[in-house]
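Take a look at the structures listed below.
The same subunit A turns up in both complexes below, where it pairs with subunit B and then with subunit C.
This part shows the complex of A and B:
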């Protein structure tokens, strides 16, 4: 997009418009992150304070910290299964709404509702559904003599529970974006494929899905970065347990900072997470820049 | 016609069954929460189908008597003030980013995305230390500033996207007529970008409204927000499920109509980067 031609006076106005926003972004958002970086090189402790030491000790300690390494493993599991489930189910709903049940006008509104539920409420709703004495799921299956395993007390169960709750809440985000992309794809393409004798399912996999690929990739990246930041679900449903089975890296940074008072160490863990944000935002910004140049 | 064949009908039937199953997955937890909100404590641990008429409004009454309404008010104040601040500071900046010719656009867009994706724990640790020194812990202003670290980058980013869709000719025509750049923004561009402006405001409000983490660290009893206050109904001894369900519904009620009405703009704003 080309810009509007500017005189010197206009340029001054533009700068005046940019100034408050830039200052505010600097003060409110950039400054705390600079603080995070600075802290990560100190040994600041909430009670003991700072001994004056500066160095890489926190990062060296991270490399040998078994709890940190296992937290990455937990984070990877939560992200991988979460993103896959959300993208697959979100795409299925979008394709269903666009191709199978076009007449269900009310359905789109219903599918969006879970996305409106604040995360803390999502966590509490699913905590109730995973509490065996309370859960209607457990009660329902019990009438058939089937015993539903208690999810939150086993390691894999607890991870699955968080993935399910997250998937319930955020699939609509994927659905909305994929639906918008689908509606931008001409139905003529499918019809042409049908003329050539392809079944609808084949034409979906051979034609529609490749056209959706850039959208799906972007949505997956957005969801990936969000799943790295899980907090209310873990805090409410498992507190990182059982044991440390659901202590993902972001939650571990919270525990180190605010429960063990190791502020500097917590900041170093935050820096580690920040690197993911740096890489993914760079990739998205660059592909955006390419799109707007084209 | 192949569209009438049995195999097509079977496949269509499977597709509809899948959609119904997914609809149930979306809707049943919501219905369950509504039921939970209306169940008396005495029947809480019985399945709903064994005593379907045991319903009560006591949970709603007990929430109304608790501190929760005040926490809701705190949420409104802080999310609203932070959104206003972000719009006031961010909209002119986004306009300049969109319409002025300069070379740092890529860096600016990267920075804004990065701020949106950065881990909240990274913002919170230094803010917490600073707030303890500055006496901003458990104050509205402290929480408003903390939320602005979320809402401002979001508002600038999404308004930048909106302003890009306003033709430059519109700006140029205004300038030709002798209007200043500020007048062009206020009288021509903003009215034309109104849907985007409303969406940015509303979604920025939700960003702060939904927050749990910042409020957990920065607030104590007097300015606690609703998402943190809801945890008061959870204790080691017992969990007041009825109250939790009512509070969860109260927390969700303002957001449902917003999301349903604004879902067109979510695609545009939340997925500002997502272009197929």
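This part shows the complex of A and C:
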């Protein structure tokens, strides 16, 4: 009897302790989100205001908007190639650094540096590297008479350029998480496999990688959601160009909201992104849970 | 009940006024000014005590970054908070702000200004919407040509006065080390659409059938097509590698490092190419008027002014501040105190002290600048409320054509159709 009352009191005090955080989240996260949902059903325009109309018109317009559809293609390319490159390279570096001898541990710190560089600075660094007249890379190859083609003047090149800049900046995040997971895997497993005659490559693919799988899935999910939010790299490196070839969906929402003052339409694009990210996250989280249960 | 309370209140106020007497009751008038950071606005902030001494009006001048500025004014104006009396008004925004009812007209203030004829007409007319003026200019950027004197001389060429000649000169001086010409190309209303209209207008191209009365888009006219062909040929054949994604920082850098021999860009950009502290070829680069074409010479124009908020606490005091800040005296002081060759009154270029200060850029820099501004049209970029959107539609399609993603005519047709859609919305 007493224990039930005590636990009820504990429960209440826990709830009380959660209150400040819940309030903060409510005010700063949920309220703007609700605002965005509400806006997306109106026709609110920054200058013309709201005519009083409410409905699905923005979402219907999305379905027929060629610029929106091509923005999804750009977003998909940026996300897919970005996530694959970051996870593969990040894991490779983590595996290398995991077994490194003690005196070389500082190398871990060096690999993390790009992660600390602000996005705008990353964009400016890579913009100059991809601008032939400014780039030391171009200058280096020019001394051998080789002309490095300009990256930012074609769609493929510009998307590749953004993926490279993003990969440079965020691979350390993947590396850190994978490295932490690797440290949790007992070296005994590898040793046992080696005694049974397995090569190191075999034991990596058959033992380490399956054990890392939940971590990789989670880190890929994080990176995936982040790549949906591409903005500073596009804004600084390409201005959405050449033409409109790098206007990813998030960037297109900015264009509609701030350049064209179509706040409601921009909100509808943001709602689409939110739901899309939610669905993907849900499926990945569910398959992750299944794996952990198994 | 209500009326009774109001009467009592009014009586009390009247009594208070009578007792306090005129001097003591008059609280000091204050003007809240929001500007974004440029040498001239920072200089204005320093001069504010002069205004206070002259008029007894106290000023609170806040100078902020451009990004902060945008969100500050949007919040203040849409929320009607009344915390801004005088506002930095880029001409590009003025029609939007007027349509939204954010500004108060300054027509009367302007007609009361003693030497208004001194203000360069195109800069003043940039703030005209309907029959009223909604801002008074204090900053103007125009377009000039910058060219490498040594390379032109070596090729036996005169500096180009038309775009046709520019193609010819570019062909003659283009080499693997130094491209014939560099210009901004990145898509955007303030990027490629700041320079492309100089070519378009030179060939007789217009944005609309008859701006501002008939806004039928005419961006796919044969004239604009000839201009786009020139732009593509200049950059495609005689531009440095990768030029079709260049924005103004890359243009400046290419001129400063000697990777390109000519450019046509804004005054603030070309003056960096002739700045000995920044440019390796400063002593070899000369400035001249931008090239003309069969139709006209159409120097670029970007103007900033001061406007009075529709919700200003004391519109009269606010207007007084605007008149003071844009007066000949204040502008001359600013031109002498700061790096500010961007004044909007022609007579200041005649002031001997000012002349001497800017002679370092080039002996006739100020005269060239005034000459270009006198030829500029206030509708260089038609500053409709939808201009940001229209400019983006044109800029993005022009950039696509430059990068070979679309045929020139196809790009102009696409832009024209989008303009029609934007205006018809």
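As a working rule, the second predicted complex is superposed on the first by the 258 of 294 C-alpha atoms of A that agree within 3 Å, B and C clash if a C-alpha of one lies under 4 Å from a C-alpha of the other, contacts with A are read in each partner's own complex, and residues count from 1 in each chain.
Here, a contact is a pair of C-beta atoms (placed from the backbone, for glycine too) under 8 Å apart; a residue touches a chain by one contact, two chains touch by 3 or more.
Keep in mind the model is a prediction, meaning the values are calculated, not measured.
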{"item": "Partner chain in contact with A:245 - subunit B first, subunit C second, else both or neither", "value": "second"}
{"item": "Which partner, subunit B or subunit C, touches more subunit A residues", "value": "B"}
{"item": "Partner chain(s) touched by A:29 [first = subunit B, second = subunit C, both, neither]", "value": "first"}
{"item": "Contacts of A:260 with subunit B and subunit C, given as first, second, both or neither", "value": "second"}
{"item": "Partner chain(s) touched by A:134 [first = subunit B, second = subunit C, both, neither]", "value": "both"}
{"item": "Partner chain in contact with A:47 - subunit B first, subunit C second, else both or neither", "value": "second"}
{"item": "Partner chain in contact with A:154 - subunit B first, subunit C second, else both or neither", "value": "second"}
{"item": "Partner chain(s) touched by A:186 [first = subunit B, second = subunit C, both, neither]", "value": "neither"}
{"item": "Subunit A residues contacted in one complex by subunit B, in the other by subunit C", "value": "133-134"}
{"item": "Touch list for subunit A against partner subunit C, complex", "value": "46-47, 130-134, 138, 147, 149-155, 158, 238-245, 255, 259-261"}
{"item": "In the complex, subunit B residues that touch subunit A", "value": "11-12, 15-16, 18-19, 22-23, 25-27, 29-30, 32-33, 36, 44-45, 47-48, 85, 89-90, 92-102, 105-106, 109-130, 145, 148-149, 152-153, 156, 164, 168, 171-172, 175, 180-182, 185, 209-210, 212-213, 216-217, 227-228, 230-231, 234, 241, 244-245, 247-248, 251-252, 255-256, 258-260, 263, 266-267, 270-271, 273-276"}
{"item": "Subunit A partner contacts - residues on subunit C that touch it in the complex", "value": "74, 78, 96, 99-100, 186-188, 191, 240-242, 244-247, 250, 253-254, 257, 259-260, 385-386, 388-389, 392, 396-397, 399-400, 402-403, 405-406, 422"}
{"item": "Subunit A - residues contacting subunit B, complex", "value": "1-6, 10-11, 13-18, 20-22, 24-25, 28-36, 38-39, 44, 89, 92-93, 96-97, 100-101, 104, 107-121, 124-126, 128-129, 133-134, 136, 139-140, 143, 168, 171-173, 176-177, 180-181, 184-185, 200-201, 211-212, 214-215, 218-219, 222, 225, 228-229, 231-232, 235-236, 250, 253-254, 257-258, 263, 266-267, 269-271, 273-274, 276-278, 280-282, 284-289, 291-292"}
